[in-house]
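Below, each structure is written out as structure tokens.
Note that chain A is present in both complexes that follow, paired respectively with chain B and with chain C.
For the complex of A and B:
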């Protein structure tokens, strides 16, 4: 019984998705679907919280072992993914209706793809990991291509699909090699065999490189980021939110799980013979390149795409820090994912709110003078941008603070300085939006954005704004939760 | 196993492997899409042959039925339906970077493989104790529905999302005019 309860977040999303499809097929009303999907996600969050509070001591996972691992890390990520899904489906409820693409498949895709992401977070075996990854990715590809008449959407989806399949194949090859080297597909078994293996065999190293390539693609780290701006820009904005929040969170769950389970031995986690230097370089390149390009964008949506790449860089700094700071660093990554998720969902929601059918807010000029014309739409936008820039008293500040502190505690001073300089560069292009909103007026005759009205989008913005402020003022409780979730990884 | 049998097995492997590689090269290099599909077919058939050599009869059969029987035929149908006019004219742009990229990739792959092979233990250990029914439908089904039940059930989510995704993308096409409702059911509300 305890096991059934521990698996309930997964079950709620799966059965909820099926119910939603049935409801769509047999009902003539379309409007309830967004609300239904949000409720299912909320139930997923609630069950995750319930499982968390009930504790996992009496859960006997031997029935689902080694395929699924039910621990605090899993439950934390399942709750977080459900939260991201709920915000994305609220945004979809407003956006799809406004832009005339309100088809029920979107919500089913959203639910099933989130189910895939939750599978990834819970996976204890490479096979389940890959199944979950593909479920998540195929849902994201289809959501990107949802607006088929737009050539941009098709281009973005095709790039995402081709590069994504290629990256998944690389990763699968890596796991196949690992299976050859260790004759295990379960992550714990691989980890034990790799730790016992003594000197690094080329097979394991090549497998690690291939797996890292696949993971770097999924978290969209430079130089595996080529698909990100096009896919993010072409996709309907709720799908962009989904990719930036849920897919990225799922990918980081996978990254932490694979690296800290399979490659957690002394040799693999050392600077001289392990993965940390590779991740560190990836982090430095990702942050720097993404921030420099983001500053040059003229489209706000594209700028936010590059900003999401840059945030993957900060998160990778936290992953590197797990080498010496152990659970403290993984906890900082988990907490950052939470703060980044709510801020990003909020900022994309604000962008949705600022546009109308046929007149989506895209460029900086579109937003000129918004603060004076529509203060109610500009204020949340400003709040989320400030949070992404990492300025107190918002969630983003503490997210960055804990990552940087974990890096400093681990002795990665150079990395911390680079990350800090990068967040200063990033503040430039976030604040540029504020300058346009509050200090510029649209040129005479130029088109400007008129906000839409939607209860769904407003609700999503209120939820995100409350979370951004709460996490920014009292981060203690949620940080404790992240620390407990990360404590399943020992060492350091 | 007698030396003759060993030699025969080796010969069988090399023939299948060479043909599979040839098929793969034809698939990616053929200018005529039909020829490309035929190359794919050759590769799929010879990979099924390799599965047979590994005592995985059931996988070999599935490989033939699903890939050769269904997927290649589907490809051929699509190519026939689109007709020859839909193949884009030969595009010479970016040829050098493409070849350089392919060369780099192939070089890295060969280097990685040779590293693995050179550092491998002398000879791969023969797996002992494979039962007579290894690879049969019976054994396969038993594993799939007992030990592997969890991933088997989870894979249904993957199939589901692929079906819904295909429907979502295909339906999106017939809605050029944003003023037409998504479907008759979306009318009449609000």
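For the complex of A and C:
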């Protein structure tokens, strides 16, 4: 019974997705599907919270392990992924109808892809990891290509698909080599075998490199980020939200799980012979390049795509810090994912709210003068941008604060300074949107954005705004949750 | 009996051929085939390694799962290629260049 309860978040989403697919096939009306999907995600969140509060001491891990690992880390991510899925489905409910692409399969894809991401977070075996990753990615490819008549959407989806499959193949070859070297495919078994393996065999080193490359593709770290801006720009905005929030969260769950389970021994976690320097370099290049390119964008949507790459860089700083700060650093990564997720969902939601059918708000000029004409749409937009820039009293500030503190505690001073300088550069392009909204007027005769009306989008914005403010004013409770979730990884 | 190392070497060669093909060729269908070659190299490696880890059939079962998952992935991939061909009349990835900074 306890086991069935522990698996309930996964079961709710899986059965919910199947029910929604049936409902979509037999009903003529599309209107209720977004609400239905949101309810299923809300139930997933509720069950995750229930499992969390009930505790996991009475769950007999050996029944499902090594295939699925149900621990506090898993439950934290399942709740977070369901929250991201709920926000994306609310946004889809408004966006798809407004832009005339209201086909019901979007919501089933959303649910199944989120199920895959939850499976990734729970995976205790390379096979489950791969199946979850594919379930998540295939759904995301289909959602990106959802607007079939648009050449941009198709092109974005094509690049996403090709590079995503390439990355999956790299990771798989890495795990195949690890299987050859250790005779294990379960992550804990690989970890134990790598730890007592003595001197490194070339096979393990090649496997680590291949797996790191695959992971870097999935979290879209520079120089493996080529697909990200195109896929984010081409996709319908709710699908972009989904990729920026749920897929990225799932990818970081995978990164933490693989690195801190399989490669957590002294040699792999040391600066001279392990993965931390590789991740540190990735973090530095990712933050710097993404921020410099983001500042030059003309399209706000594309700028936000580069900004999400830059945020992956800050998160990687936290991952590096796990080398010396241990669970404190992984907790800061988890907390950052939470703050980044609600801010990003909100900012893409605001962009959706500012557009109408045939006049989607994409460029800075589209938003000129929005603050005076439509203060109710501009205000939440401003709040989420401020949060992404990391200015108090918003969630983003504490997200960055805890990551930087974990990095300083670990003695990574240069890395912290680079990350700090980068977050100052990033403030420039976030505030540029505010300048356009509040201090510019559209050029005479130029098209400008008129906000749409949608209860779904408004609801998503209210939920994210409340979370951004609550996390920004009283971060203590949720940080405590993140610390407990990260405590499953032993000392650094 | 052919030693396991031979199979592993063959799979490494196949994987490299696939990887280079993916990075060099601009035809989307060839890129898809290159990915398939890489994934089949993974399958070959898994099955070959299973010969030296005889306590369980993990590698072989893993390969079966991979075959199924690859089929699903290619189905979506071909659908995307088809939709690209419909709107752009091309299957070359260097002609899909609408999205730029």
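Following the convention adopted for this analysis, the second predicted complex is superposed on the first by the 492 of 492 C-alpha atoms of A that agree within 3 Å, B and C clash if a C-alpha of one lies under 4 Å from a C-alpha of the other, contacts with A are read in each partner's own complex, and residues count from 1 in each chain.
Operating definition for what follows: contacts are C-beta pairs under 8 Å (C-beta built on N, C-alpha and C of every residue); 3 or more make two chains touch, one makes a residue touch a chain.
Here the structure is a predicted model, which means the values were calculated and not measured.
Participant: Tell me the contact category for A:127 with respect to chain B and chain C: first, second, both or neither.
Facilitator: In the superposed model, A:127 contacts both chain B and chain C.
Participant: Applying the document's definition of touch, where does A:230 land relative to chain B and chain C: first, second, both, or neither?
Facilitator: The answer is second: A:230 touches chain C but not chain B.
Participant: In the superposed arrangement, which partner chain does A:138 touch: chain B (first), chain C (second), both, or neither?
Facilitator: Both partners.
Participant: After superposition on the shared chain, which partner residues are touched by A:392: those of chain B (first), chain C (second), both, or neither?
Facilitator: A:392 contacts neither chain B nor chain C.
Participant: Check the residue A:293 against both partner chains and state whether it touches chain B (first), chain C (second), both, or neither.
Facilitator: Second partner only.
Participant: If you stack the two complexes on chain A, which partner ends up touching A:176: first (chain B), second (chain C), both, or neither?
Facilitator: second
Participant: Just to be sure I read the superposition right, which of the two partners does A:161 touch: chain B = first, chain C = second, or both, or neither?
Facilitator: Only chain C; A:161 stays clear of chain B.
Participant: Once the structures are superposed on A, label A:476 by its partner contacts, choosing first (chain B), second (chain C), both or neither.
Facilitator: neither
Participant: Classify the contacts of A:152 with the two partner chains as first (chain B alone), second (chain C alone), both, or neither.
Facilitator: A:152 contacts chain C only, not chain B.
Participant: Take the contacts of chain A with chain B and those with chain C, and give the residues found in both.
Facilitator: Shared contact residues on chain A (touching chain B in one complex, chain C in the other): 127, 131, 134, 138, 141-142, 145, 148-149, 157, 177.
Participant: What does chain A use to touch chain B in their complex?
Facilitator: For this pair, the touching residues of chain A are 14, 17, 21, 28-31, 64, 67-68, 99-103, 105-106, 108-109, 112-113, 115-116, 119, 125, 127-128, 131-132, 134-135, 138-139, 141-143, 145-149, 157, 177, 201-203, 206, 357-358.
Participant: So in the complex, the part of chain C that touches chain A is made up of which residues?
Facilitator: Touching chain A from chain C are residues 8, 11, 15, 18-19, 22, 28, 31-32, 35, 38-39, 41-42, 45-46, 48-49, 52-53, 55, 58-59, 61-62, 65-66, 69, 72-73, 76-77, 79-81, 83-84, 86-88, 93, 96-99, 101.
Participant: Touching chain C in the complex: which residues of chain A?
Facilitator: Touching chain C: residues 126-127, 130-131, 134, 137-138, 141-142, 145, 148-152, 154-159, 161-162, 165-166, 168-170, 172-173, 176-177, 179-180, 183, 185, 229-230, 233-234, 293, 296-297, 302 of chain A.
Participant: So in the complex, which bits of chain B are touching chain A?
Facilitator: Contact set of chain B toward chain A: 112, 115-116, 118-120, 150-151, 154-155, 157-158, 160-162, 164-169, 171-173, 175-176, 178-179, 182-183, 185-186, 188-190.
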